[in-house]
Structure formats: structure tokens, C-alpha cells
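All remarks here apply to the structure that follows.
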């Protein structure tokens, strides 16, 4: 949801990315290209993809040349075929040459995430399950990667440790049990956020259902057991009000099976930690 | 080569990663776990991997608890099997619970890169070719990702735009030709860095060889043409003094073929932009 | 919930506060006091107060002298009388003299918030209502001020714009109505956070209750209307599952009346934006 | 005196305030409001006040929408009645909704300071005394709060520890006496700044007057003793050249008495540490 | 007066200096030296000098190796001869090799300033004039350079634009005259800082003396005219209470003449903007 | 090569310089000059100089007044005589008065470096030697100072520790000899950067020449020995391919002698660590 960030904040983040690549200066471009030389450039899709991050990529180039003009052919969420051109920018040749790698890196990675997310979303079409991300994101890029998940049709889980309570196995082990942990987390009136708890067995699930929880995370269960777990939840007192999330061991091959087991959410770390970058490049010509 | 960074710098980078995840506080852990509770934890390899980043992961946890003690079972570069335990840390339970996601994210991604690099390195064993990275890294993580490439046995190409001259197709198009570009880049005496030039055809290669270059980048050539190109370079005046690099379209399936074609370097963007995270988790128990 | 922040982060924030006061150096202390001079100091309560921020205050002093030793007489949440001494620190006289103003400023303001919060909490004792803070905090200090509210016995509402959905009058006006706004915000399955809506009349409340909301904010209603509103909510389909919050025009004089009207939350901007600092000072002697 | 800050600096400070509130994104506004929706908004005075910070509040909103247009009805220093509208802004509805809380928080707090300062200034009208602030400001906001004091008609004391020498009781205790402390601080020729010394009794005052000081701070004296102290100073060798400042225990109720006792400065910590925020809100409508 | 800075602040500044030099890593040292290798090193004076900055230089090295041990042979202010050794440090060879350039650069430049300052101070010995610095410092290093001036025996003029009022020719031109400018700057009671005014002729001086100023800056006057100016000031109503400063065209050759003309301050931009670095190097051996 | 830096980065650096000087505000200018007052200003050369940094100086002023208009009379690299005017700017009088010192400080120092570099470049005219800088730069200003060296006609050596391998005497001592050190640094194929080694005697040179090095640094040799060293290198197997650099004890008086000895590079620390600032001032008038 990086769109809400104040401009200064966004520019600082993107400038740090540029600084990392530029170091003390683009010695190739400075030596070869005159400051007055103008150029046009565009991003080229070299494989089918769901576009994500085009505004960021352009903002990166604009940080190198404030006078850059842009003709956007596509918007985030568009499905592109190999060979399609994504945007047309005009500006200083030096700026385009120096900024293109960072812009392309960002665009490739975010589009990679959106593309993979969409494949999962398509795989559960027809069920009521939603594809959900995790906190297994690249350090420093969470707000961008979670945005790309949404572009691909996914739902964002917690942004971090402060916007929902999620009691995981490690917490339960430290707390000494499910009941102790949930009670310590406080009643619904004593907090502003949802409470979710992770369970690994049906027994743990039954224990969890005795308490006031908003979401149940079924950890590493097979689809069959997931189905039983969903039935247990729906049969409970707050039945349809509790969200059920499945997580662990989910692939493009088996995600539909999980979805059909009746869960509300299927969460997949690979959306952000293992999406391969899509192949894109940036082409420049003198203007 | 992040090892050279001053401690303050490294801590600031890792703290930013923690801040991104923690936001205004780990509301789950603060509610459930007492500040006095101690715990032990370890990273668990859930698949075979080449370890990279264990010191960073531990430094992340140490930022949450200065008094953390560590027993390191393995060092970066070690090959681990599924089920192996990577380090044993003891400290405040709160610190371990709050810091573990960032530590694990970092460790998973860097080990993923080292693991993939090693697979490429193994694939060219027996040839003189080296596996080399690119600038297609994750924004903000270059220094760590390039380190992981070395852990996996790879060689680092340029760190950024300031530590070598690399004249690419875009530069040549803007400059109006190979000769103009190389001449503008200056003689060996007028600069402190190596000069590399990208060529896509044998004609371009011949043009490039007329000038004083240190490295030739063969872009997107098939192995056959790469072989011819290498022959042309070696037959030239400065023959063995020029490094030859192949790039583009290189996979685990065909990398050996490229290596056998006689190049010095095979550079592969996927090492950093598409290495899947290896599966690891962090286990905690009360101490 | 600043306790979760990594040490480096907390130190950077506190160092900025010190830099603001120190500027280019404490010219008085440097001129008058030798670097070897040791001293003891303590914070003195000059009025009754609920202590909040003592660890932060000590961390500020420690930033000036790493070797500082501390004997803490009191902990956050303690009720102190005029004349009580809060902590005893020993260290370089220069460090104590230069750091004391920032340490005291922080301690005075946070204790002021905890003290005021406790007065509100005491005023609703015997009802089930909780005293809740708002986003009307001092820019730059939210995480500390919300912590002080908890020390005083209050509950934290949203930390910011990203951890719960709160549809306010301005959103409704822009969206064109309550229904449109709630529907746009998405179903419970499509988001990870609670949804709250502000209503100013009973008609608006009835409209809101037709939808799937977690919390109702009664804005600027008199206690009488609050009572009717609570009755309407409880009579509804999801009756006890919906939290009811009253806000606007609430003072120490009338808060009990609001609490008795049956709301779950009474939220009060003044806790953070208008709590007067409690009177404290820092006393130093040669050691 | 924040007006002298370079634009980049001011924007960074204000962006940090926005980041604190926005976190990873304004999930309410992003869900409900389209990016194309335009709106108009204004700040509303809900109580009589002295306006301070309107340019900052508008700069905050501009950070969210560079294209914002503003019609300013009032300027800092204006006295407003309840119900008056402070500025009229037009821009993206999202930007106004996301930025309004930070803008209003800042405006409320600074106007609160200016309003309280003016009450003190009015209370000493007819005397030659000036109302002066202290270093008891909110950490991180000093430059803004000291500006608000000036808007309210007050005079700024030291900005920090580096722009004047002020020898307080703690310094004297460490130095071992008034004489030692003043001598260590150096002669007027050996420094670029004024020298002030705090005294708590007439004996201390007499000791202080034996040395070359610019200002005398009468600490926690009653008005009667202040009058005697002023007489002692004026009778001295440098009589009218020495500024006399009274501090401690001064309220709106007794400030006139202090002023009539003949001091040049009355300094009041409450101006900045305990001024209640004035009641203001921000109203938005579709444009 | 950098000694007052909190440790975190000082470390951040020094780390930035190290980052500037280290970039993405010290590729020479990492390749050649094992992480376990220990070494001893020392700074060597290669010319006579006044030492300044040794604590900073050691702090730089400590940032590279927390475990560094130091034996300090000399302290800031000591006069060293060619061939003298300044400190003896023991620690990781890598840390010493990577950090030495930044440490030495800082030490050389600050010692250069202290050395030049001392030559000026020696040149005015026997007069009452003091050698004073200016704001003509190296961007980013003011607090360190002004410290070095003090080490050399000089007095610090303003740290910046906020700690004293100095009305210069440009201000007078904009204000429309000396009188207008001084009056706008406010009476002594309305400000916390000294007021100084620059004059270039005796007429301007006479005009300035009609007002309540603390210091007179004689700009670019010859020693003869300076003598007349001093006489005019001393003959005035506030005679000895006004400081007289001479500035412009002052060299080691003529500074004594200016001092003898009776001024209190001789201010010299060259102390900081043109002091040549003193020749020092850092020597390392295996330990 | 600061020209490649993204605008945001450059502005942040320059803003920090302004903040250092402005502190909490330019109390002189704010008191004396109305915000509406416009002015014109220009930089004045008060001695002959090679201009460097004029775009930076103007960017500093623009940070104080976004609406500043500029008429540039000269560009970096121009040789100016005493009395020449460098640029004409129009904007708010307050902005010009507050920003001029930082702008001038930067311009004076960079022009000082360019001016000194040009004197050295002129001194070796007629030889093939180039004047080269070192890492003996002012902490925080390297990228600007190295730019100024280029403006003066010099060549940039390493930017830092990461863009070339330079094995110095300290490395050799730690490594235990020239051969060990060079071998550890790796073959040309295993790295992306040039390798240079420092030698102090002809014996060391002969040892170094047995290995695959790109550059030889002759440390502190007299011109005669330099001549013999060059002969040895040229007689070697890779003769003309190896760059020869002389360093140590080189002055304007003897640099021609070194150049005539046949080296490719003469490197001089004084270019950056001891170049005196050229005398410039900034003149302002009401507009």
C-alpha cells in the first residue's frame, strides 16, 4: 500500500536504491554521453507477465531527470505478452542510462510477484478461498511486495507484528499452552486488532475454539485434515464468523485442493520469497 | 563484501529491516510473554542448502537482545541436509520471538542464492569458466546478495556503476557506434578501472578488438557462436589478456556448454533475481 | 509499545532528541566541569504522579555515558508522591548535566499522560468501559505516548492508518454514504483488520448496523443518546460482538456518565494532546 | 525559527510525522476513495485561539499532494473565534484524508502554545516584562514550539545548550561554588555568547553580581524577594545592563505580580510543556 | 565541541566517513588478510605538529573493531616532533587496514588546523588579542574543526547562524542602513544572544556606536585604521564593554600588528579553510 | 562524479551542510529582513582561480528559495581573474543571506582544489604523465573533491576501497611478502578490478614484476630511482601494459622531474588535503 506514502518518503527509499547502484557515479555514462543528449526509452516484456510497479519504475527514472516525460502504455495489473512495450519515456540520455537498472530490477521483481500471485488466484477460481501473502518478504521491500500481491489479486495478511495478533507455535510453547496464550492476549474489548491462532492438530483446534478468536491458522495440514478442521470450526458456536487459513506445503499443484477444503484463506510464503523475476529489459535510443 | 562495513552501518541496515516488520511493536509477544522469560532457539534446515548469512541472522537477533549467547554449529559455505540445526541461541524469549522472522527471511534468501550459485559452479566444474553475478540484485540488498554469490563459489562482477566501465548496447546506440564509445571512455592511462564492452555479433566483436579493452561481453550468443567469438579474441593481438564473458539465456541445463566454449566468465542474473528462498524455520523453547 | 524496538532504533530516536538540545555542544558544562568529575543524580517528583518513561529517561543518560550505573527505586506504573526520588544514577558529571533536560522532558510528559489516563480510568471504575486513546498524539512521539496510556491503565486504539479500518464522517461524505463506504472497505474475508465506522445519529447507526462492522464509533453524542445507541446495537443481530465506542466532549466530569451508558470504549484525545507535564526535576551532586 | 530551514530539511521532518501515522498505508482511504476523486477541505476553529503553524499544516498536506491549491484565510498570529475557517485547500481526496490528522495535530498543538503564550503576554501588559520560554519543550519539536511562542508574543530563551551559557544550581554544586563556576566559564572576551547564572537567594545574587554576568536567573523566588533582587541588581555597578529573569512557580494568576517586581524576563516552562491543544478539526467535501 | 555529542551521534557521523571510503567493501584487505590475523599499529608524525583529533581517530578504528585496545601516548594539544608515535592500537589486522585512511585523514586535517591556529596564537602573544575562527569551515566538519581551533588555543566565534546576531554588509545593504538593521534586530531585552555589527569605515563605526551593540567587526581595515577604530570605541559610552574584532587580510606576517592595534579578537578564515593537512601516516605490523 | 547522483541524494547532502550552519534559524536575517524582500546576488572572484562547484553552489541557494532564477556567467573549468563575477541570482533576500556562506564555502574549497590541480597539470605539460588524486580527501566530501580534481585536469584514482585492489606496504607486512599478497589477491580472472602494488625499492619492484599486476606504485622514490624503475617495468614482459605511478614527496617544484622520469601517473595527496581555499565572496543587493 505504498501509494499512501508521502512523496518525500517514497523518493528517499528509491534514491537509496539508486545510490546503491550508482555509488560514486556512473563512470561509463559520464565518459561516453554528453549531458545535452536526449533519448527515448521503454521497458520491454520478454515473457508473459502481470505488470506491477510501473509507477515506481518511472519515479526512479524521474529521480534522475526531473524533466522526464512519460507516455504510459500499460497500468499495473495489465497482463502483457512477450514483446509488449510498457511505457515510453523521453529525457536526458544520461539519466535513462544511469537509472534503468534499478527501475528494471524493481519492475521485474514486483511483476514477478504479481504474476505468480495471479497464477495461484486463477488456480482457486470457483472456490471462495483467497490467496494471501505472509511476512516472508524481502527485507526492505515489504510495502512494495505486498502491493504486488494485491495487484495479482491476492489479499494482504498482516503488514507486520503490530497490526494483528497471531499466536504461533513458538508463542504457545513459551506461554505453556493455547489457553494461557489466548487469555494473555486479552479479550476483544481490550485490543484494537484481530486475534489469530495457529494450530497443528484437530485437538489443538478444539482447544482454540473454546476461546474468543477471530482467525484459525491450520499449519501444515493435509487437505483432508483441513476439510475436517473447517467442519469443526463451522459447527462451532461462532461458526461462520471465524476465518480459517491454511498454510504450509501449498503449491500451484495442490492449492485448488486446499481451497476446495473450504478455507477462507490460503497463505503462501513463496508469493514473495520465491517468485522468480519476470524477464524485462529497458531499450534506449537517441531522441 | 559486507564484512568490511563498520558495525554501526551494519546495525543500522539490519535495524531498518526489523523496524519494517515490528512497526509500533510486536503486540502478540508483548501481551503473551513476560520480559523475564528466557528461551533457546535454533534455525532448522528444512531442505538441503548451502548456508549463507548466519552471522547476519545472529546479528539481527542480537539487536533485539544484546545479551544473547550463541553456539554456532555451522558457518557460511557449509552444505546442510534437511533437518540440520544451524545455530543455538539463548536469550530473552521476547527478543527471539520478535526478531526471528527478519533473521530467517535474510538467512533463507541468502542461502537460496548461495545454493543456486553452487549448483551453477558445480555444473561448470572441469572447465576454466567462472560463475559471475550481475547488477540484477534486489534493491537494498546488493552487498549481501553479492556476498552470498561468493559463498556459493561465484565471482562478483561490478558492485555498481562506479567500479568498472561497461559499455552496453544502449551506450553504443547513444554514442553512435563501438569506436566512438570506446574512445570516449578514455585510454587505460586516463582511468583507474577496467573497460568492458558488450557485443552481439562477430562483426561487433571484431570492431571491439581493434581497441584497448579489458573484457568482452558476448550478449545472448548461442554456445556455437560463443566458441567462434572466443577463438577470434584469442587469435588477437592481446589474446590471453582479454577476459571473455558470456551472458543471456544461460540455465543450469546449458551452462556447461557455454563454459566449454572457452569463456572466462559466465554471468547469470538469475543467481540474484530468481533464486528461490531455501526452506528454513526458527524453533524456540523455554529455557 | 516501544519495548519491541531494536536497541539501535531506540537509541537513534533518543539521540535525535539529545542532538536537538545539545546542538554543537553544551558550552556551559564543557567550560565548567572537568571530564573526570563523577556525580550522582536522581529524578525528583515535585507533585503526585503515575510514573512512565523511567527506562527511557535512563537510556537517554546512558547515551551520554555508557558507564552509567543505575539504582532504580521505582518502575513505570508506580504512583509517586511529591518528594519521592525516582532513580539514582552515578556517572560522569558532564554526561548527567548535558543529558538531564531531555531525560526529564521525556519523563515529565509521559508521566503526565499516564497520570491523566489513570484519573480517567479511576473515574470509570465499576463500569465495564475502558479508557482508550486516539491518533491525536504529538508528532514523533506516538509510540511513547501510547505506551504511557497503557501504563496509566488505558487501551490503545489504532497505532496509525494501517492497523484498522476506521470510516469517519469525512470518508462517508467523500464516498457518498455509509453503505457505499462499508461495501468499498470489503468483506471480513478480504482484509486482515477490524472495521469501525463513525456515526453521529441514531439513523446513521441503524444504517451501519445493516452491515458487517466490528466497532461503532458514536461521535459527539450526549450520554442519553449514547444509551439509546448502545441499546440499538445490543438488540441487533451481532449484538454483543460489536464494540461500541463513544468519543467527543468527554471530560473527567462526565466520563462516568458515558461509561454507565454501556459503551465498551471511551476514547479521549486529551489523554495525549492536552495532558499537562507533571512537575519533576533532576538533582545532581558531586560523587 | 523553522522558517530558515532548507525546504528539504523541513519536508523530511514533516514526512517522518506522516510516516508515523500512515505506517504501511491508509487502508481505509485506499479501499474507499478512488485516486481521481477531488475534494476541498478546511481547518475549523472549535474554540477561540491564536493561530500558529498554518503554513506547516498546509505543507503537510502538500507532501501528500503536490498539486494542492490553497486559499489562506488567516495567517499565524491571527486571533480566531470559534467557528472560523482557517484555510481552504483543494486537491486529491485521498491526500486530504490521509494527511489531515498530522496536519491538524501540529496545528492544534502549536496554536495551543501561541494561545497560552498570548494569555501570559496580555497578563503582563503595562509592565516592561517579557514572557520567555524554556528548554522544557517536547522532544523533536523545539524549533516549532519556540516559533509558536514568538507567534504568541513571547521571547525565545536559549535554543539549546550551545547558544548561551547558563550556570544552574546543578553546575554550581558540581563546580563547588558560584565564583568557581563563573570563572571557569571564561571572561566575556573568551566566548561568543552571553552568560547567565541562576541564584536562589539574595546572598547568592550578591556573590553573582561580583562577576561579569549578562543575565541573572532568580529561581523560585516569591514576588517580594524578586523585587528586592531587582533592586540589588539595579543598584550594582552594571545596573541596567544586566537582564533579570524570574522563573519557577509562575502562573497566569501571579505573573503580573512578578512582572511588576521589575524583572526583564519571566520564563515559563508551561508555555511549551503543558499548553493544552486548542480544539480544531479538518472538514472535507467532494469537489 | 563535539565532546558533548551523544555516542550514537558521533558514531553515526564517523561511520558515514568510513562508508564513504569503504563503499561495498575493502576488496584488497578481504582478499589478502585472514579475519583472525591480529596486528598492532600507530600513527606517526612526519612533521612537527599540534595534535588534534586523536580520540576521534581511535573511535574510527574502534568502529571497525570493537575489541580494539589502545595505549595513548599523546593527547590533543600536545606538540609533537617529526618521528613521534601518537598512539598504539592492537586489534584485528583487517579492521586496522580498512579503517586507517579515514582515521588518518581526520587526524591530519584537525591537527593541521590546530597547528596553524597555534602559530597565530603564538604570533600575538604579549597582546590581549585572541585568535578567533569563522564560519568558513569545511561543510560537514564544523564541530570538529572548531574543536581543533580551541585545541590550538583559539576562541570559537559563532557556531552558526543561530547563536549570535551578526549584521554584515549584505544585511545592511538589504536593510537600508546600519540604524534600520540594528533596530530591527531588537533590544538586548528582546533576545537571548549577543549582537555584533560589521563596519568598513570610521563613519559606519560611529553610526554603529550610537546603538546598543555587543561587538564591532572591523572589516578589511588596515592596522592603522583599526587603531583609530579601537580608540573611537573605547572613548564611547560603553567603552570597555564592547568587543572589537578585526577581520580580513590577516596573515601570520601582519597579525601581530593587528593585535597591537588593540582589538579583542582577530578572526581568520584561513584557520579552517586553508590549513594544510599535517603529514602523518599509520604503520601496521602483525601482532 | 557527483553528477550521477539522484537529485534527492544531492539535495540531502547539501541540506545537511545548510543545517550545520543554520542550526535553529538565521536569527539575524529573520529579524532584519522581511520575507517579501527580493534581492540579487553574485559570487565574486577575489583572486585568479579555476572555477569548480558553481552548480552545487547554486543548488545550495535554490534549496533556500525554490523560485531562484540564475544567470550563469561561467562554468566549471573556466579560469577567472580577480574581480570577475561568477553567477547572477535573483530571489528572496532571506534565502540568499541565509544560504550564502555554505554556497561560498563549497565553491571556495572546490575551486581551490581545481586551481591547485591545474597548476600541477600545467607543470607536467609536455610529458605523458597525468596528475592523479588519492584517498586523502576531506571526510564527507570525496565525491565533490574528486570531481574538482577532474575539473582541474586531473585523473581520479580509486574512489574508495572497493573499486580497485591496491596492495600497500601495510598489506605486504601483514601478508608476509609481496608474492603472498599478490597471490592472495587472486588472478585477473577471479576479480572485476585492476590490481596495483606499492613498492619502495627496485628489489621489491622486480619481485612485483614477476606477477600479474596492472599498476606499480613507486612509493617515495627520488626522480632518479623512478627513472630506473620505469626502465625495469618497460623492459619487462608486459612492458607497456603496466601503468607506473609515482607518489610521495611531490611538489610543484619537482613534479616535472618526476613526470620526465617516464611515469604514467603522479599522485598527489595535497591536491585534496592541502589545497588552500581560493578567495571568493558573495555580494547581495536589494532587487
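Going by the order they are written in, the chains are A, B, C, D, E and F; count residues from 1 in each one.
Here is the rule we use: a residue touches a chain if its C-beta (ideal position, glycine included) is under 8 Å from a C-beta of that chain, and two chains touch if they have at least 3 such contacts.
The model shown is predicted, which means the values in this text are computed figures rather than measured ones.
J.: Going by C-alpha centroids, which chain is farthest from chain A? Tell me that one.
T.: E
J.: For chain D, which other chain has the most distant CA centre?
T.: Max centre-to-centre separation from chain D belongs to B.
J.: Centre to centre, by mean C-alpha position, how many angstrom separate chain D and chain F?
T.: The computed centroid separation for chain D versus chain F comes out at 44 Å.
J.: Where the CA atoms of chain A average out and where those of chain E average out, how many Å apart are those spots?
T.: 52
J.: Got the chain C residues that touch at least 2 other chains?
T.: Those would be 1, 4, 12, 22-27, 29, 98, 142-143, 159-163, 191, 193.
J.: Note which residues of chain E are touching chain D in the complex, please.
T.: Its residues touching chain D are 1, 4, 128, 130, 155-159, 161-164, 188-194, 241, 243, 264-265.
J.: In their complex, what parts of chain E are in touch with chain B?
T.: On the chain E side, the touching residues are 11-12, 14-15, 18-19, 22-27, 29-30, 35, 63-64, 66, 94, 98-99.
J.: Note which residues of chain E are touching chain F in the complex, please.
T.: Against chain F, the touching part of chain E is residues 16-17, 20-29, 31-33, 37, 39, 41, 93, 96-98, 100-102, 105-106, 108-109, 112, 135-143, 159-167, 170-171, 173-176, 181, 184-186, 191, 193, 269-270, 273-274, 276-277, 282-286.
J.: Residues of chain E touching chain C in their complex?
T.: Where chain E meets chain C, its residues are 1-9, 12, 142-143, 146, 159-160, 163.
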